[in-house]
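Here come two complexes built around chain A, the first alongside chain B, the second alongside chain C.
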Partner chain A sequence: MTDLSQSPTPVPAGQNSLLTLSDRTKKRNAAEKRFKIYGISAIAVGLLMLVVLVTTIVSRGTGAFQQSFITLKVELLEAKLDKKGNRNLEDIKKVTTFGYAPIVKAAMQQAVQDLGIETDLKSKQMAALLSKNAVAQLRAYVLENPEHIGTTVEFRFLAQSRVDGYLKGRVSRDSIENDKNISPQQLDLADELLAAGVLEKTFNLDFILGSDASDQRPEAAGMGVSMLGSLFMMLVVLALALPIGVAASIYLEEFAAKNWMTDIIEVNIANLAAVPSIVYGILGLAVFINYMHLPMSAPLVGGLVLTLMTLPTIIISTRASLKAVPPSIRDAALGVGASKMQAVFHHVLPLAAPGILTGTIIGLAQALGETAPLLLIGMVGFIASNAPESIADGLLAPNSAMPAQIYEWAKRADPAFYERAWGGIIILLVFLVTMNTVAVILRRRFERRW
Partner chain B sequence: MPTFWLVVLLLALSALGFAMGRRRALASAGGNPRNLHSLPNYYGANVAMSTAVPALAILAIWLLVQPIVIENRVSALIPETSIPENTSLSLVMSDVRRLAEGLDEAVNQSFLTQKQSFALDSATSDIRSDLGAVGVALGSEVRPEVLEAAQSYRQLSSSGATLMTVVAVLSALVGFFLAYRNSDKEFRARNVVERGVMALLVLAASLAILTTVGIVLSMFFETMNFFGLHNWRDFFFGTTWAPNFRGDSELSILPLLWGTLYISAIALMVAVPVGLFAAIYLSEYAGSTVRAFAKPLLEILAGIPTIVYGLFALLTVGPLLLKLFGQGENGVFGLTWMSGATSVLTAGVVMGIMLIPFVSSLSDDIINAVPQALRDGSLGLGATKSETVRQVVLPAALPGIVGAILLAASRAIGETMIVVMGAGAIAKFSGNPFESMTTITTRIVSQLTGDTDFASPETLVAFALGLSLFVLTLGLNVLALYIVRKYREQYD
Partner chain C sequence: MNTMNVMDRTLETKTTKIAARDVNVYYGDTHAIKDVNVKIEANTVTAFIGPSGCGKSTFLRCLNRMNDTIDICRVTGDILLDGEDIYDKRVDPVQLRAKVGMVFQKPNPFPKSIFDNVSYGPRIHGLARNKAELEEIVEKSLRRAAIWEEVKDRLDAPGTGLSGGQQQRLCIARAIATEPEVLLMDEPCSALDPIATAQVEELIDELRASYSVVIVTHSMQQAARVSQKTAFFHLGNLVEFGPTGQIFTNPEDPRTESYITGRIG
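And now, the complex of A and B:
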């Protein structure tokens, strides 16, 4: 009391005035401002990273969708391709790709001569502007159309990856100093061919639909076959994870009594969702391949591994959407005489279906982008050159998957493959964005708020 | 008969059962469903279920068990003496399997008749070149005891398959007739079907447990094999990681663990401040429009597959860091700290970017769960917003945030693709973030890709590493979930 009665020490004028801020208040306000700026810059950093990532992917990857082609008129000499002249397919097959090389060389030389380009390159060096794939392409054509032997046919050959890189600005005269695959003279010739319109850069559908190619032919590599591999894996995941996941969630959410058993299952599922994906790869290798002797590199095994990995995600989202259906629905169904099972399957499940579907699509998108477990079950390093012929073939024949294919390209030394890896990522992201958009639309369109 | 067609047959039989069971039940009630105990479809479902479920279960179990039985019977045929030096029984057995598959393939392509294939003799015919002709490449010449084992393997497999078909079809038929006979108007079909469905639901739910058991067992047994071949002291307490496929490897987890923890620590140093401040801003300051935009955009980062981050590390961040801190005269600062694009920093930074949304959305939820009354009280006493956040909201949310950071750490430790592509392959103890280092996950990948021989410690060590990784991440997750749960209860 005595303290209060004492008169307060006089405050210097202006310091506690409402009109001017005290030093302490200024400091506190500055701290407030700084704190807010930290927050804004944190979000800016996050968004900046997103922008950098997306621009990197787009700027580096779009090149893969374009490819340089050289259009040549090729004379299919009968003397070289069908010596006997009786158009017997068996005889024509005996001519290997080596036999086709001179024809391609001659065609290239002819084209250069016709255009009046002067160069001191030999015909072999000229033909080196073409992809190593050109002879194979020619042979495949001849085997398909043996009747065209002896005529002149126009072909659109892939250009060699260095030439392609030169057109795209990846390769320059400085960067090829120590390159055995191309010389400045060849680039001069490429310039001339480009001016004459023989060499041109166009959209390349083969990158999207084609198969992977060997180390030497980055220009011929495509994503198509690995896309099929991913498709088959997703079919397996959908066929197994959706029914099993929904069944497990229904049991846990609607029927299970609260006891130690269900507690264990619940803790288990929460933990399984956080197990590193590579551990599922080890499981797949040990159980499906080493123990059950399922074929290595098969999409079936990949699908099984990804199923186990996606199950917790699907179970968690399905349980959430089952929980969102109000108990009054169940009560009403039970009230008019439905059994508990009927109430769940006839009323609760249909109402929860949009949420379940959304969760499943998001789980599938996660599985589609997963790489690590696929490395262990051998879905990399394998070049599937042909699309699978049947469903069983698609499930059991060795194949790759989109992310595994991207990894495979990223490991190769030639920068031409890096471009394809980025391009592959664009395709992968297009799939992921589509799936997620569908999921969001489904949720917006069908989700019911109670 | 291939298993596929067997399954189709069983399904067809059960579809037929559905139609017939339904009809019989209806007929027993004189065509009037009101006289039935259950709805007509339940009678059909009853027959369908008792036809298909036991038969399919038998099929599945048989397919799982048969390989073990055959493996045991056949490996007993191979005498101890015929196992060459430096190999093991499992290698000989894989030869046997390959030969058996090759012979079956030869019969399939009608290169040999069934009879010829069983009459083959390794002394008189060149089996290796014969099988080469049908596209099956064998690693070595066929020895007589291997051929004998392969023949008995084929014999057992084919008789096993026949027996399986017979048993499965028989059980389907028995189930069909029993259930069909029961389809009567007094029969409580719904109760039976619902009990069956319930059993299936329980089965599905226990698959989660089965997966965990599978993970633990598959890694545990191989780890035990590993410790049989390699000293466990060296694995846990050694200091060198130097696998050597000619034997005498030093396989210690410690250098790998160091690399893993170092990279994870850098990742968290990037992700935690950014993620936490982003979460604070979003939940305490941002208006609803900013929130509606920024939150989903940040979460896109979480949805990008890790292979994309890996490629980003390998081809963009790595070379960029090299330009900044390496390359001497040609670099930006003229430094020579870094010698290659792969480094701890490369992998750590990129992984940090990946973890930003993980930290931010978890912390956002937790900060939002702090009751508004606490904030109002603090603001009412005259604290500024930032003081409220720092002195009231964050301390209240701290356990939850610690939980979120632990979850992020467990993600970082188990992350594979970013470190495989960005961290390098050298196992060492070093504090220099510009050097390349390796992690547990990268070593698992490199030990298990390519040709794997499950008898060498160099391959089996991957399972020991995997189990350690599993235990480590599981421990972190359980701890984090425990903290988060405990904290949530406080304000409920």
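And now, the complex of A and C:
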């Protein structure tokens, strides 16, 4: 027995042994190997691009989440802020930010003196290390706490963007040669303050939650208000596109007779999904603003435009998930005497729901990142400096949106804004990646359970 | 299986439950059913046999208007249930299907619990006034479908988690829970193993006491085992219809004979 198996009978002449590869097999295997290499290199290129993209965004954008602050003790002089001394809010309000400037200057000078720093800068130049926002911040505080007038309070002021840039390595002594906003002496002072711990770079929540700021104050600009703009737009899209899209798909898929009419509708929905988004923007301008006289730059209009844009996506994915429900389920329901509507709502729709949700989330994510149509309805370039006060305000008051805000920052000349644009992109991407991840999880979780 | 004994079965005359007159069915240009006339009796198991594609399923689906769901399907002629034309304009197919239940070829339980599967029909037709009554209907239906003992401890488990034979019996329970008068079964055993098949066949024989059962089958042995009447379809024609014993032992038409002896099909 063992003998036999150890010395197999030789393969007869004219017949191929299985142990040697024929030329044909070799060729096929080589082709397969080549194809695998193509595939792997394609994926590698894709991954490389992704790595480059992510590292670029992260390396350029993380700076925006940190900000330089200068901590100062400020003496809230009664003589300057409330001359009459009776803490009447109306009187205190009469003091403009100009009136606060000397107080800030004095506080800065005091701090420099206390630390024993030698400098030949004037107090105005010292105070220039602070953001132009500082006086406004101070005034807002005083108006809120008038009883603190006459005392000394510690404040954390934003440093101006050049100082911030210096701490982040964006600004150097060479790069400011022709810069009238800052001088080398001021940078020397910044170095001293940094060493003394008065100037420090920390995480800046205001970049995420705050509002946009004017050209002069990049250090104060934040994404928060435009995020709210995006949020209100998404609410409009969700409230309109989901019910309309789902109702349309259910009707087309389950009730409408299949004839040339439905064929035409089908083709047109596919076409609409491919229409460039700027077309929806100009449509929104013509219909919602010029004809219906809805306000410019309002998230409501943005939401309506994005609804039009998202509808085809939702309809297509909803129809696909309705189609994926096996017909035997419909037969089963009809067979026990359910009406068509009962069959759809009791059995088909629940099974299609995960797919519908996935499609909706992906449609929303698309809409969230859309910029072009917002150009035409005035949501780009608008400086949203106040958060909306109510839901109606959120829908109707002029606002911006996340991608529009990013575009706006990227357009401004000051490199400090450029950094914020990258930071904004990080926030936007976090939203998009989260939404898409939720969509994938939903799909995995509920995939085909019949 | 002894097909020789089928002649000895007693054949009482019974009332006509469904009468089809000159029924033609078209799928677009395809003429699938040609001038079929047949009378289906109450409390009888009627088997439809014939080679595949001859129109058995098509004709069966006419009896509860399931063909309405196919856009291109057109039915002409009359089908009377208890003397009423089911294709009359005033008839709502939903009401009809509550009276004429259906069990499909592939077991198709809803992806819901066993209890929900059976209770769905009674619920939408308002057959139970409260939860207790509903539970009673579910238990009765599952018992009659001979699956109660196997599932009574897991009525909350999904119906799709049962074995193929159990799923089909669950579907039968679901169909009889709405108290239909006629039960249509389209090759109910084609996806089942022999043991499950035997269970379902036994069940069909019991159901005969309360319902008219129409069963499509590709197995002649099955037709011989469970039915009293047999209809042989060929290329859309009803070739021969009569007592099962007679069809299997003494067919009149040569086509029936060659099908039964295995020459066509």
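Points worth noting:
Just so we're on the same page, the second predicted complex is superposed on the first by the 404 of 450 C-alpha atoms of A that agree within 3 Å, B and C clash if a C-alpha of one lies under 4 Å from a C-alpha of the other, contacts with A are read in each partner's own complex, and residues count from 1 in each chain.
Everything below uses one rule, namely that contacts are C-beta pairs under 8 Å (C-beta built on N, C-alpha and C of every residue); 3 or more make two chains touch, one makes a residue touch a chain.
Here the structure is a predicted model, which means the values were calculated and not measured.
Touch criterion not met for A:Leu231: it reaches neither chain B nor chain C. In the superposed pair of complexes, A:Leu351 makes contact with chain C only, with no contact to chain B. Taking chain B and chain C in turn and counting the residues of chain A each one touches, the greater count comes from B. After overlaying the two complexes on the shared chain, residue contacts for A:Ser339 are found with chain B and with chain C alike. By the touch criterion defined above, A:Ala257 lies against chain C but remains apart from chain B after alignment on the C-alpha atoms of chain A. In the superposition on chain A, A:Ala324 makes contact with neither chain B nor chain C. Counting contacts by the rule stated earlier, residues 339 of chain A appear in both its interface with chain B and its interface with chain C. Partner chain A is touched in their complex by these residues of chain B: 4, 63-64, 67, 97, 190, 194, 197-198, 200-209, 211-212, 214-215, 218-219, 222, 273-278, 280-282, 284-285, 294, 297-298, 300-301, 303-308, 310-312, 314-316, 353, 356-357, 360, 384-387, 389-390, 407, 410-411, 413-417, 420-421, 441, 444-445, 448-450, 452, 454, 462-463, 466, 469-470, 473-474, 477-478, 481. Of all residues in chain A, those touching chain C in their complex are 257-258, 326, 328-339, 342, 346-347, 351, 449-450. Residues of chain A that touch chain B in their complex: 28-29, 31-32, 34-36, 38-43, 45-47, 49-50, 53, 56-57, 60, 243-245, 247-248, 250-252, 255-256, 264-265, 267-272, 274-283, 285-287, 290-293, 308, 311-312, 315, 339, 341, 365, 368-372, 375-376, 378, 380-381, 392, 403, 406-407, 410, 418, 421-422, 425, 428-429, 432, 436. Those residues of chain C that touch chain A in the complex are listed here as 64, 66, 69, 71, 94-95, 97-98, 101-104, 106, 108-111, 120-121, 124-125, 160, 171, 174-175, 177-178.
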